[in-house]
Every structure is written in structure tokens, then in C-alpha cells.
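Each of the two complexes below includes subunit A, the first together with subunit B, the second together with subunit C.
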Partner chain A sequence: MRVLFKTDYNQDIKFAKHSGYVFWYALLLAAVFLAPAVLDTYWVNELTRVLIYALAGLGLMVVTGFTGQVSLGHAAFMAIGAYTHAFLLTQGVPFIFSLPIAALTSGVVGLMIAIPASRMTGLYLTIASLAFAIVVEDVVIHWESVTGGNRGMVVDPPALFGYEIFEAWEYYYVVLVLLIMAIALVLNILRSPLGRSMLAVRDSEVSAQSLGIRVARTKVLAFLLSAMITGLAGGLFAHFIQFLSPETFGILLSIQLLLMIVVGGLGTVHGAIFGAFLIGLLEASISILKDLLPPAIGTQPGLEPGLFGLILVLFIIFEPEGVYGRWVKFRTFLESFPFYRRNTFKRQRSYLKTERMR
Partner chain B sequence: MSFFEIENLSLSFGGVKAVDDASFAMEKGEVFTIVGPNGAGKSTIFNMISSFYAPSHGTIRFKGADITDARADEIARIGIARTFQNIELFEHSTVLQNLLIGREIHNRLPVLRQLFFDPGVRRAELAHRRKVEDVIDFLELAHYRDERIANLPYGVRKKIELGRALCVEPELLLLDEPASGLNPEETEDMGFWIDDIKNDLGISVLMIEHDMSLVNEVSDRVMALNNGRVIAEGSAQEVQNHPDVVAAYLGGAA
Partner chain C sequence: MAEFLQLLIIGLSQGCVYGLIAMGFVMIYKATEMVNFAQGDIMMVGTFVAFTFIVTWGFNFWLGLLAAMAVMAVFGFLVDAIVVRRIIGQPQFSIVILTISLGFIFRAVAGMIWGQAPLSLDTPFVGTSNMGGAVIGHDRLAIMGGTVVVVTLIFLFLRYSRWGIAMQAASQNQLAAFYVGIPVKLVYSGVWGLAAAISCVAGVLLAPITLIGPLNGFLGIKAFAAAVIGGFGSLPGALIGGLIIGIAEPFAAAYLPEVKNIIGYLIMFAVLMLRPEGLFATIYQKKV
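Then we have the complex of A and B:
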């Protein structure tokens, strides 16, 4: 078992808390960078999909995992990112400008939603976000001059400085680099006052306020950042699927994103990544399962959402801290091997909270 | 002009007068205690000072300025920090993170700089850490530093909440039943800390407390409240022996 001897405040601020981090994350980085060299195109594509999901999930994590505002409308931000990006490309805006503009547009819409939404809490906010997603879907269907409506919209392959990216592995690297940058950004948020305010708002709005945290402002900022990251994922997703149609960004995608971060582990960056891998894996296995099952069951249209829902419910009941929580327990078991106690992570009785002000 | 005063403060919920025309004034460097039976309106006064409730009548003044209409998040910036009766800590964060959140009002960095965590942000973070470590030393919290709140016992949480309020570096500290749920030993410690907060840190304390041994030990002045009305004010002894106070607790013709 590793005992950290702290001699410097910077030790808590650094990304790598000890040499173990450096080693394992360097190994992981090497693995993801070398992956296209050993995998065939199909798997590189699957991996790209997972990374884009991870990026979108990371965005949702900022608002739901860190700030505690459950959003069922994040597919709408992906749609806004994807359609803005695709539209700008048809207008001749280069990829490197169009992608940030798409993220920014999504962020601005997020901001506009957040200003009224920051006055809502819990279930009401969730329903409002769901309504927002439906509105965005309708706008996409009816604004045919920009989105192509129900006919859909073809997305050209991305071009970086005049070099067109056709190969799967090339695009994989584009996505990977952007994901790593987004992760660094989110980790920076977490170690700075803004991130702490978000966690404070999530855990107790009353005491956050009494400590001088502007609750509404924190929620709005969280929505802005979240919508930008998810919008960026949307822009990348546009190239990945190459053809945009309104039903791509429906309620199922929103549920999938929420499922990802809950199953992965709410409130952690790891959770978004783990969740994306799990969902990616699940999608692949469901399509295999469909072939194996008798056609009467295998061809049912509700099979996928049904299974997603089931998994979500099972995780909420048996492992609310998600895959990441499970992994932390497993790691603690290994580190403290003969001495691990089953109740190490058992939740203690929680004490009465001060009467809520509403 | 008093350091902190409330004047003719009233608040009714529907037909219930939770606080009825309450007034008091406290001076800088004082420990002022409010006592009274359950439902007397003590916490309601605190919640009005914190701007969680808006009084239906009356004013709250701090260092001469009217703060009755200040927003809830401005109160800490004005220089008033508080603890809660039933502990409102950030359960899923560590002790250190909880204390760092107490530094919020001293953070002036724009969001964009925080996103990129430039060297200035790091310097500010280190300065906050040094301040927080002072509080950790003061309250002897060192070996809980990296524990998550959810794993800590009640008495320690009480101490951490006090520490978090001290990280704000307030001029006035509101303590809502600092000794509730503590054992006699912990209560005695709490008494020493309140003394130290007053004498060493120079912070004035406004406190609600039921434990009379603690009240007697630390209070400079005591005020008794019943049914939202002030019924007695003076030294701890005077208030305890006041016939109206005895009647409020024990019943009787008063």
C-alpha cells in the first residue's frame, strides 16, 4: 500500500499525484496513440465513436456530475454543434474555424437556456431540458434551408490546412487530441475555485450561498461550459456519421449520454470515459445479440432503449458510484490486500440536513 | 452605532409570528448568545441575517450599514460567516476541499484564467492553502485533512463546519448551536475554541445555544427569546434567573 508523504501544497494541485500516475497514464497514452497501428479500420472507427461519446459525456458530466443539474437534453447541444459545423462547412468556412464556432454557438444556446433554468431545481429542470431537446429537434426538422429538414444533410470530410482527412485513423487522431485537451480543461476546472463552487452547489446550495458562492452564476457557467464541450463533440460526430438527420439526435441519445455518466461514475472525469467505453461496447454487443436472438425478439424496435434502461436501473440500485466507484473499491482491495474489510466503503448514516429554504 | 444590531425585526409565516419585534445590539469583540426554547425564533433570526428569509419588518445593520436587503451570497463578502444547526457540509468532498470552498470570497480570478490554470492561479491557490492550513492547525484537524466528509463522525463534522466559516475570515461569526450533538468533552473543547476565536482571532461571535454550561462559560451577554419576542437580556446569570425565562422553560404564571 502506498502512503503519500506530503511535503508541498503543489502535490495536491498537480495532475499526477505520485509516480504511479505518471507510469500508468503514460502507458494508457501510448496505447491510445498506437491503437490505429494495430487495429483494423472497423475497430478504429468504433474507438473514434467511443472517444466522441466520451467527449459528449464529459460535457454532460460538468453540468450533471459536478453541478448536480440533471439534463435530459444534451443530445440537443450535440445537434446544435453538429448542424452549425456542417452548415458552416457548406458556406466554405475552414474546419479549424468552423469547429470552435460550432462549440461556441452551442455554448451560447446553453447560456440562454441556463439563465431561466438556473432558477429551477431537480425534476423540473430535467423536464425543462427534455422540452428544450424536443424544441431543438423540431427546429432542425423545420429549418430546411439550413438543416435539410427530414431529408438530412451530407457532411463533407474534414480538411486541415487544405489536407483532406479521409482515413479513419487520421480522424481518430483529430478526435483523440481534442478529447485530451477537453479533459485537461475539465481537470483545470476541478482544481480551481470554479470547480469547487460547482461541487458546493451540488452538495448544498444553502451553505454554498452562505459562503458567498453565487449559485445562479455557477450553474449558468456550468451550463455554458457543458454545452460547449458537448457541442464540440457534436461537430466531431457530424463527420463521423457523415450524414445528419433529425432522428440522430433524439431522446435516445440524451438518455444514452446520461446513462454513460451514471454507469461510468457520476462526479468523476473517469466516469465519463469509462461510461463511453461501456456504452460503445454495449452497442456492439447488442448488434451481435440481435443476430443470435430469435427474430421475434431480436427485431423488436424497443430492444436497445429497453436494455439501456435496465442497465441504468441496475446500476442505480447496486452500484450508484458506477464503474469507476467499483474500480476504486477493487483497487483499494488490492492495495490493502489481506486487511480489506467489506464495510470499507459502506455509507454511514447520513445526518439530518438543515431544513431547506424552499 | 453598534457593531451589529437588529432593530424591530419581525417575520410571520402566514398567521404565525416566528419573530416578533426583536431588537438587540452587540459590540465588536463580544460573544453574544441567544437562548430560548424550541420554536422561539432563534434560527429564524439567523436565517434573516443570512438573507435566506426576508424580514417582514425591521432592519439589520452591520458596522452602520443596512444589510437587510443584501443577497444571500453577499453576506459572506460583507464579513459575516455562519454554521448551521444540522451541519451543511459538502458531503462528497474532502475536508481540505470543504475548507477551500470557504475561501471563495477571497478569489478574484476570472473564469478564463481558471480554465487554463496559469501560474497566477496556482499562486493564488497556494496562498489559499496556506490560509486553510492555519485553520487546520487552529482546530487540530490535521489528520482528517484528506478524509471525505461522508466518512467522518458527527463531532468532527461540527468542527469542520466551524473551520470552514473561519476560512471566510469573517468579522462576525454566527454559530447555530455549536454544541448540539457533542459529548461533554467536545463541548468543553468548543468552549475553548470560541474563546480563542474571540481573543486570538478577534472575531465577534453571535451564537445560539442550549447547553447552559457552554453559554455560561463563553458568553459576554445573553438574550432570551420566547415565541419570537425578546424576554430578557443581560449576563448569563441574570438571564437564567429572570422570572420570564424560568416561566418560558418550566411554565408557570408569568
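Then we have the complex of A and C:
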């Protein structure tokens, strides 16, 4: 076990706590950058999908994992990002401008939801986001001149500075660089006053307010940031699937994103990334499972959401910290062997009555 | 005028259903501070159970309805006692995620048991009446009548029965209720059972109008909008919020067809902007 001596206040907000971090993350970075050189196109494509999911999950993590407000409508932000981006491309706006505009549009729409809903308790944001997702789906279906309605919309391959990106590995690098930038942004915000306020709001709105944190403002900013990152993921997703239709961004995708961050580990950046990988695995295993099950069960359209629901329930009850939390516990067990105590990670139960007047 | 009356009756009856579902989860919210996002799906399961009793096993309609209510009460009780109770004391988002996932499980299981094809459940309320030129189906009148009966019974139950008063006490202060000897855990599970039974009635009343299918549970989302409009945590507010959305829908369908599917949510956003605590506020933001 490594003992850190703190000699400087800045040590508390360093990205790399010690040299071990530098080594392992540099190794990881090298691995993801070299991956297309050793993998074939199919796997590069799968990896790209996982990275886009990770980006969307990171967006949801900002608002749900760090600020404690469950959003059941993040698929709608992906939809807004994807459709705005695809529409701007058909209007001749270049890729490098249209992607940020798509993210910004998604963020502004997110603000319009978050500002009214944040004046009340967190529950309202959840309900508002759920209702919002349905409204967006309806708008996508009916606004045919822009979205193509139920007929869908074809997305052209992206072009950077006049160079068209057709190969899977080229697009992989675009997504990878944007994901790394987004992670850096989120990590930086987390160590800024805004990030600390978000964590405080998550842990207790009342005590955050007592400390002088403007709760509503924090929630709104978190939602803005979250909607922007998810909108960016939506824009990237548009190129990945190459064909947009309203069903792509239904409630199932929202639940999938939620499942990702809960299974990965709520409240950590690692959780969003782990979750994306796990959901990729899960999708593959569900499609295998479908062949194994008797057809009466295997061909049910509700099977996939049902399994997602079951996994969510099991994780929320038995391991609310997700896979990443389990790994942290295991690591601590190894580091402090034979002195590991289970109570180290025991969560204080806070009874619910505190946040309500009567 | 006749058209207006027709739309009003359709809206009122639809609104009664939303109101009943909304009352179910407002009850749960008031008592246990947990929001049950699966309420719509519990309604859906309740309708399927009633279908099994009445159509598959050939029970008399009223007997089948009572049996389905009893089954659903036990079901709601067990959902709380087995699953939801474990999560008490965890942060709010755990409960939201837990209940919405339960909803997805119920939907998947119901689809496996009863299939995806819409089923029809016949009720004794057939035929139509002519009122001032408007043609009104008896099934719609039954919804309104049924809602009045259910709401009155709930009011009397909460006001005068021993268990009802215990529920109110537990909802006001669970620790104090525990100290005076109220079995708080049992009361909580009882509230879940009661809410499930109420939504079963709502589902059965709605069955002749919308057929029964696993996706009926999505009606619960409209009921949420209803609860927000009425002010979360107020039982009369939930009913009135439901009526507002219910009445707005057929009128929107007739005069503003572009927004007919989303009018309820638009009203909800308007209420959130103008009067965020809802029309009948019982929850205020905690001032520090």
C-alpha cells in the first residue's frame, strides 16, 4: 500500500495522484491509440460504438452520477444532436462547425427543460426529462421537412477539411479524440468549484444550500453540460449508424444509458467507460441468449428492456456502486490485506424525511 | 354545443383514469416518500389479471374485478415487502432507477404471459345514451361513476378507518408514528397494496376503450404529468391534474391535431414555469 505524503494543497486536485496513475493511464492511452493497427474492421467498428456510448454515458453521468438528478430522457438529447448535425450537413455546413453547433443546440434545449424543473426537488427533473423525451420523439416524427419523419434520414460520411472519412479506423480516431477531450473537460470541471457544488447537491440539497451553494443554478449548469456532451455523442452516433429514424432514440436507449452508468459505477468517470464496455458485452450476450431460449420467450420484443430492468434492479439492490465500486473494494482488499474491513465501504443510510417540509 | 359536450365527456372520462393512476402514486409518495415510476405498469398487470379472471376463467365481471383487486393488492404489498423496502434510506435516485426498472420487468413478463397482441375485456357497460345531441358511451359514464365511488371510498378510508389514520400518521412523521406503536413497515406495504388495487380499477374501467396490451403502462407517464400539474403530494390535486390533461387531449385532437399526443406534457411544462409547486401545493421548497 502506497502512503502519500501531502506537502502541497495543489496535491488534492492533481489528476495523477502518484506515479502509478501516470504509468497505467499512459499504457491505456497507448493501447487505445494502437488498437486499429491490430484489430480488423469489425472490431474497430464495435470499439467505435462503445466509445460513442461512453461519451453519451459520460454526459448522463454528469447529471445523474455527479449531481444526483436522474434523467430518463437522455436519448432525446442524442436525438437532438444527431438530427441537428445531420440536418446542418445537408445544408452544406462543414463537419467541424456542425458538430459543435449540434452539441450547443442540445445544450440550449436542455436548459429550457432544466430551468423550470430545477426550481423544485430532483424528482421534477426526472419527470420533466421523461416527458421531454416523449415530446422530442413526437416532434421528430412530425417535423418531416427537417427530420424525414418516419421515413428516416440518410447521413453522409463525415469530411474533415475536404477529406472524406470512409474507413472505420479513421472515424475511430475522430471519436477517440473527442472522447478524451470530453473526459478532460469533465475531470477539470469536477475539481473546480462547480464540480464540487455538484457533488454537494447530490449528497444533500439542504446542506449544500446551507453552505451557500446555489442549488438550482448548479443543477441547471450540470444539465447544460450533460446535454451538450450527450448531444455531441448523438452527432457522432449519426455518422456511425448512417441512417436516422425516430425509433433509434426511444425510451429503450435512455434506459440503456442509465443501465450503463449504474452498472459501470455511479459517480465516477470510470463508471461511464466501464459501463459502455459492459453494455457492449451485454448486447452481444443477449443476442446469443435469444437463440438459446425457447422461441416463445426469445422472440419477445420486451425481452431486452426486461433484462436491462432486471440487471438494474440487481445492481441497485446489491451493488449500488457498480462494477467500478466492486473493483475499488477488491483493490483495497489487496492493498490492505489482511486488514481489510467490510465496513470501510458501508454506506451511511440517510433517511428520506429530511428533504421535505411535511 | 353537442360536439363540445361530446369532447368534454370523452376528456372527463379519460382524465378520471389518469387521475386514478396519479392518486395511486401520490399516495405512495405521501406515505413513503418514494416515487413509484412503475405505477402505470402495475395498472397494466392489474388489467391483465382481471382479463384472466373474467375472460379466461369465466368469472362474473364484478367478482372478477374484486378478485383482480385482491390479487393486485397482494402484488403491490409484496413488491414493497420484497424489493422496494430494501432500498429505504438510499438516495432518491436509487429509488427512481429501481422503480422504473421494475416497470420494464413487469412489461416484459406481462408480454411473455399474455402476449403482445391487444386483448379486449368486455364490461357490462355497453350501449350509448343521447344527451343534448352528444352520443355518450356507457363505458365512459362507468369510468366517471367508478372514479367517484373509488375516490369517496378512499376518502372515507383515510379519514375514518384505523388503518387509514395510521397511514396518514406514518406519512406525516414516520418516526413519531413508530413510537406510538404503528407498524410502519406494514403500513408502507399496505399503501403499496392499496395503490395497486386502485390502479387495477382504473385499468379495468379503461379496458373497453383502449384494449389491453403490455404497452398500456406508458399511460403512467401522463399520470405523472397530472400529478405535477396538481402539485405532487396532493390527492385532490392529482385527480384534478388528471382531469385537466384528460380534457385537454380530445380538444387538442379536434382543434390542434399537431400537438394531440404531447398536449399534457406541454401543460405540465407551462405549470412548471408559472407555478412550479403545482396548483394545489403541499410540498414547498425547503428554505434554509
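We take it that the second predicted complex is superposed on the first by the 341 of 358 C-alpha atoms of A that agree within 3 Å, B and C clash if a C-alpha of one lies under 4 Å from a C-alpha of the other, contacts with A are read in each partner's own complex, and residues count from 1 in each chain.
Keep this in mind: a contact is a pair of C-beta atoms (placed from the backbone, for glycine too) under 8 Å apart; a residue touches a chain by one contact, two chains touch by 3 or more.
Note that the coordinates shown come from a computational prediction; the quantities given were computed from them, not determined experimentally.
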Which superposed partner A:206 touches (first subunit B, second subunit C, both, neither): both
First (subunit B), second (subunit C), both or neither touched by A:68: second
Greater subunit A contact set [subunit C / subunit B]: C
Touching partner for A:241 - first (subunit B), second (subunit C), both, neither: neither
Contacts of A:193 with subunit B and subunit C, given as first, second, both or neither: first
Subunit B versus subunit C as contact partner of A:31, first or second or both or neither: neither
Touched partner set for A:10, first subunit B, second subunit C, both or neither: first
Which superposed partner A:185 touches (first subunit B, second subunit C, both, neither): first
Partner chain(s) touched by A:214 [first = subunit B, second = subunit C, both, neither]: first
Doubly contacted residues of subunit A, that is, touched by subunit B and again by subunit C: 202, 206, 209-210, 347, 350-353, 355, 357
Residues on subunit A engaged by subunit B in the complex (per definition of touch): 9-10, 12-13, 185, 188-189, 191-194, 196-197, 199-200, 202-204, 206-215, 221, 267, 347-348, 350-355, 357
Contact footprint of subunit A on subunit C as seen in their complex: 32-35, 83, 86-94, 96-98, 100-105, 107-112, 116, 172-175, 214, 221, 224-225, 228, 232, 258, 261-262, 265-266, 268-269, 272-273, 276-277, 282-286, 288
Residue numbers on subunit A that touch subunit C, as the complex places them: 64, 68-70, 72, 113, 116-117, 119-124, 126-128, 130-132, 134-135, 138, 142, 202, 205-206, 209-210, 255, 258, 262, 266, 296-297, 300-303, 305-310, 312-313, 316-317, 320, 347, 349-353, 355-358
Partner subunit A, residues of subunit B touching it in the complex: 47, 50, 52-53, 72-77, 81-82, 84-93, 96-97, 100-105, 107, 109, 111, 114-117, 121-122, 125-126, 129-130, 150-151, 154, 157, 164, 168
